[in-house]
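Next come two complexes, and both contain subunit A; in the first it sits with subunit B, in the second with subunit C.
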Partner chain A sequence: MVEPSARRIALLCAQVPGEIVEACGLEPWAISGREETAADAALPQNLCSLVRRAAALLRPAATPGLAAVVLSDSCHPLLRLHDHLQAGGGAVPVLLLRVPRRSDAPAVAFFREELERLARSLESLGGRYPDDQTLAAAVAAGAHRRQARSAFLAATLANDGPELTAELLRGLEAHAPLPEALLAAAPLVGGPARPRLLLAGSCFVSGELIRVLGELGAAVVAVDACGYARHGDAAAEPPAGADPWSALAEGWLARPPCPRSEDAGSRATAAAALAAAGAIDAVLYLRTACCTPQGYDLARWRRRLQTAGVPFCAVEADSPAWSQPRLLTRLEAFVESLARRPGARCAAG
Partner chain B sequence: MPAAPLADLYRRALALGARFPGPDALGVNAALAALQLDQADRQRAGAQALWTSPLVPAELATALGLLCITPETVAAVLASAGRGSALLDRAGGALAAADCCSFQRVAAAALEAGAVPIPQAFVSCTTICDDNAQLAAWLAERHQRPSFLIDVPAGDDAAARAHVTRQLGAFIVFLEKLAGQPLDPHRLALAVEASNRARRGWLEVNRLRREQPPVMPGVAALRLAGGLVLQKLGQPELADALEGWGAELRGRIGAGAFLPLKRRLLWLHLFPLYDREFMRLVETELGLVVAFEESSHLWWDEIDPRDPLPGLAARICGAPLGGAARRRADTVLRLAREYRADGVVHFSHGGCRTLSGGAPLIGAALREAGVPFLELAGDCLDERSGAPALWRTRLEAFAELLEARARRGRP
Partner chain C sequence: MAAKAVLVDGQGAIVSWAVQDSGIDHRAAAAEVASRALAGAGLTLADVAGAVGTGYGRRSVPFAGRTLTEITCHARGANALDPACRAVIDIGGQDSKVIRIDERGDVEDFAMNDRCAAGTGRFLEVMAGRLGIGPQEAGRLALQAESVARISSVCTVFAESEVVGLIAAGEDRATILRGLCRSVSARVAAMAAGIGLRPPAMMTGGVALNPAVVVALGELLGTPLVVPQHPQIVGALGAALLAREEAKRRG
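And then the complex of A and B:
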């Protein structure tokens, strides 16, 4: 159960910028999909498990005192969640933030208006409409977090760079505060080389999965998954004196795309380039069950990487639990296959 | 017997459908089939074609001499010819995941198999469906064609309409580049006027169906859904066909050719297109005639031929199937009342998270209003997902429920 807080605002999905909530003097709570909850049986089974789990998590009994929920219009299941929560008697106000799928000038202009609209709504719920200075500070802080995460991922992808641990993975969560381990210079970790994996796709990528893969003999060096910082983010702090609303809109839409974005295909290309440069050896794509954008994205990654000769494995999950035998068997077989490849880094295990 | 080659399968299926339209077909079905076949012939002869999702404004492409084809229509035609699951099997793991919409997957498989020519470009619209936009991007990359996305914000307000209007301006630039010529405002005005004429013809058909007992099976109108009509807006032949539909209905009404009817239904979404017996069971055997269907509801106003972009944007943003389920529910309630539906049936197509995902809320709204509601689950294209015995059982029970209500004097 989430601790009661009259100032806590639940956010779903990761397309909702926490900076605007912080600037309004409220506390963003990003729903990751990895919370301890079962799926809500009231929602149709063909909606993705993230949405159904979020529906259960956002029941009034489970989240007393939540000030509001902000959902993005990233996909139609999220719009159905919006319908479902609104139909639930309106115990908690549910707001919708419309986030463009592209990052051109008209999209930035539209998103700027949306952010202002959201701020006004949050003000009516007890927040504070931010002045330019407050918003600029929140935007700068957000950009700093993105830069730190991007630099860290660049380090993990470098030859002899460190591998991700569960703790470091938590530090890559898009809305989380930066942990000290990330802020410190990334130590170079020696030891036996193991197949270096990029984990892509689902928000169900978790510390447990990294631990499982580690036990199987692989090292995870980057993620390109929902709710986490993605490699190659060229975040920059906005110039002094810039309009903070436009800066937030433009900077937010300039992040590496996710599967719902117009330029989603560029991520598979980027992964192929990482493999060509020797930064990764293989890709494991996790698809959230019944996620349409990831369903097409997975096919795109598979085709792109197989064309480039990069080992690729896809698994589907409807929860962050990785103890299911069928999943473990797939992962084990995949990691073993990597160790047997000609020129592979040292044998697994 | 060896399997028939797949080359040109779509066009051959269209020709077969035009030749043997089926007992439930009306003149409008034959006219639309002829229009589709003509379009396929023109594409084969070199005319430029786009694959467009249903709400992409066809008037703009038509004014530039470009053909619009919806992937959903391609898939529906091939599934109606019994080739849906075979195409899916053939494509195997190269397609999007099996729980994604089979309309998109069958269309992608058809393109992959050479059953339909590769278009010049792929254009999509994010309202109604996530699959549209994802499919267009994927196919564009796969077949190395340009693509354009109309990114539609959820909800219908001034900001959303303005944002879509701006994108339509950019869309015109995209089309002009494909067509190799600038858009002639006069030709655009003519296309919009033809679209408005088609709209008026369609509204007249809807008025006749609202005010008179049924003289046509609803399945004839259901076969026009999924973008088949929307993608011909702007073509005068469509307006002629819809006006002809109205004339045919008036003729039948005048001759007293009313269908045997037990109860009137409002139908939501589609039905198993590969199963010719399904709607015969509903409308003929059980006497539950589809008095109206959601897919025939027109929600937009006439569009100004001199300045069409705002009106086209309003049409896109205002589609009841996109955005909040509450808006869709309000529309369904109104239609149920206007068309005096004794009950409402929602065929929940498995891969459709938008419409099927909202079915529980629609059902709740109808039950609250005292309107009987039945949800049937299945797949419109993949016959392997069919459950004919279960559907029959549930439809028979629903028919009995409606009869019992009628005997108790409840409308």
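And then the complex of A and C:
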């Protein structure tokens, strides 16, 4: 569907559906936060580190083929970035997509109109306004990807299932191919007993973090973080003949909530249920430095998990690099505390 | 920064200990402080059944059988000194940490400040230096103050400017020092509130030797703090006890 000479459209944050960009015959490029880049020096130091790092990428010189940027209105830093790029800080057109924080009927209707508006804007930038058949195909493909990732997550959460590796983590990213062959070959957690972790929060959850935690003696079995598939995503392909615009809007807003959503607290409740079911032993929450939604979200998670008696640790990072001694000490201390808990899977050290 | 070594016997009692400046060569400092502690007991490294390295330089202890973070070790050490403690507040030269512990001395939750000098011993050292007072004397002098200077800056650099301004305005040194001690305590108390501290709490680290900080922190937390006789070695004591446990498990 994406033409070989398709122009690249950067998407930030993960709330922007790539399906609409694909349907317009353009190439969606979801900025994950894990790119190897330094922060843009033109933006304030106390602005979200994800936004500052993303800003450095949003120039054709840094990203060949970049034709436009679509930003969601998820948070204040993204709106600041939008203003910054519009005021001349960027070299390509920047579009703003307003994404509701709810999933009820009025929100779906509003979002449907927003998606149509986005498609018209992309058309003016060299895209093709999609007919219903084209959009329906893109929506179905997106739903299929979500279904595959849900099945993937169910496998890693199963008792003594495979642990997540850096390579498998890639398969959970939006628009990344699912490494089914890797899943079949993934190491099983049920070898040497190690505490099983769920990583939540920031997009700075990365393969390097998983590797670091592995070296410290923990196994990552689940991820519930920005930019990744989240467990509990009951994705379904829209029924044949359904209005594809409404189907995309409704399906998108029905995804598991993120920190900006009204029902964001349900994520922590879901994690507590996983712990109660024995699928995970503890939760590690990573907060992006200077991220306000995650600041509130972190408090929800801490409160909910402490009430449920689930071991919980939070660390703050401003990049996906996890080898700093400051961060390593925190991660190491948390894994040590898990190993020493009564009934721990592994012997206390 | 200081290097510490603690030697315990088979029953977990302290046999000998030593503290010294760590300098920039952590490996050399580890070997030297261990030698001093061993010499104090008339022993050599060959007499040691096990060793644990902890702290920032924990991977620079060549004779350590394993490493554990200072969080785990402080918790264990505090529990050994006072099993009733349910919290540890450690203010060292370069960082501060608060740890909530259970009845076994295991870590339930923790918070650290290791990216800003404010709230650490370094802050007090710099400020005391500005006032021409040694860090040992600063706490005693601060307790003599009848009022508390308000230090509004949270940054060490800007707080230093404030102190200079207070000196120039003729403010009493004791009053300034008491304000500085309160400033450090406020930073740490905020961390403690973040993890839900449960009393009784033990204060460890070199700053626990500053009575003004101990008083101010106790006031802010609403509970008096337990201060062991040698607060700066609690982490090393915990490491020694954990090494003992490991050696017993190995037989």
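As a convention for this text, the second predicted complex is superposed on the first by the 323 of 349 C-alpha atoms of A that agree within 3 Å, B and C clash if a C-alpha of one lies under 4 Å from a C-alpha of the other, contacts with A are read in each partner's own complex, and residues count from 1 in each chain.
Assume a contact is a pair of C-beta atoms (placed from the backbone, for glycine too) under 8 Å apart; a residue touches a chain by one contact, two chains touch by 3 or more.
Bear in mind that the values here come from a model prediction, so they are computed numbers and not experimental data.
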item: Touched partner set for A:Arg98, first subunit B, second subunit C, both or neither; value: first
item: Which superposed partner A:Arg170 touches (first subunit B, second subunit C, both, neither); value: neither
item: Which superposed partner A:Pro293 touches (first subunit B, second subunit C, both, neither); value: first
item: Dominant contact partner of subunit A by residue count, subunit C or subunit B; value: B
item: Residues of subunit A defined as touching subunit B within the complex; value: 42-44, 46-48, 73, 75-77, 79-80, 82-84, 86-87, 96, 98, 100-102, 106-107, 110, 113-114, 117, 260, 262, 264-265, 287, 289-290, 292-300, 302-303, 316
item: Touching residues on subunit C, where the partner in the complex is subunit A; value: 56, 66, 68-72, 106-110, 112, 114-115, 196, 242, 246
item: Subunit C-facing residues of subunit A, complex; value: 306, 312-313, 325-326, 329-330, 332-333, 336-337, 340-341, 349
item: Subunit B residues within the subunit A interface of the complex; value: 93-97, 99-101, 126, 129-131, 133-135, 137-138, 141-142, 149, 151, 153-155, 159-160, 163, 166-167, 170, 323-326, 348, 350-354, 356-361, 364
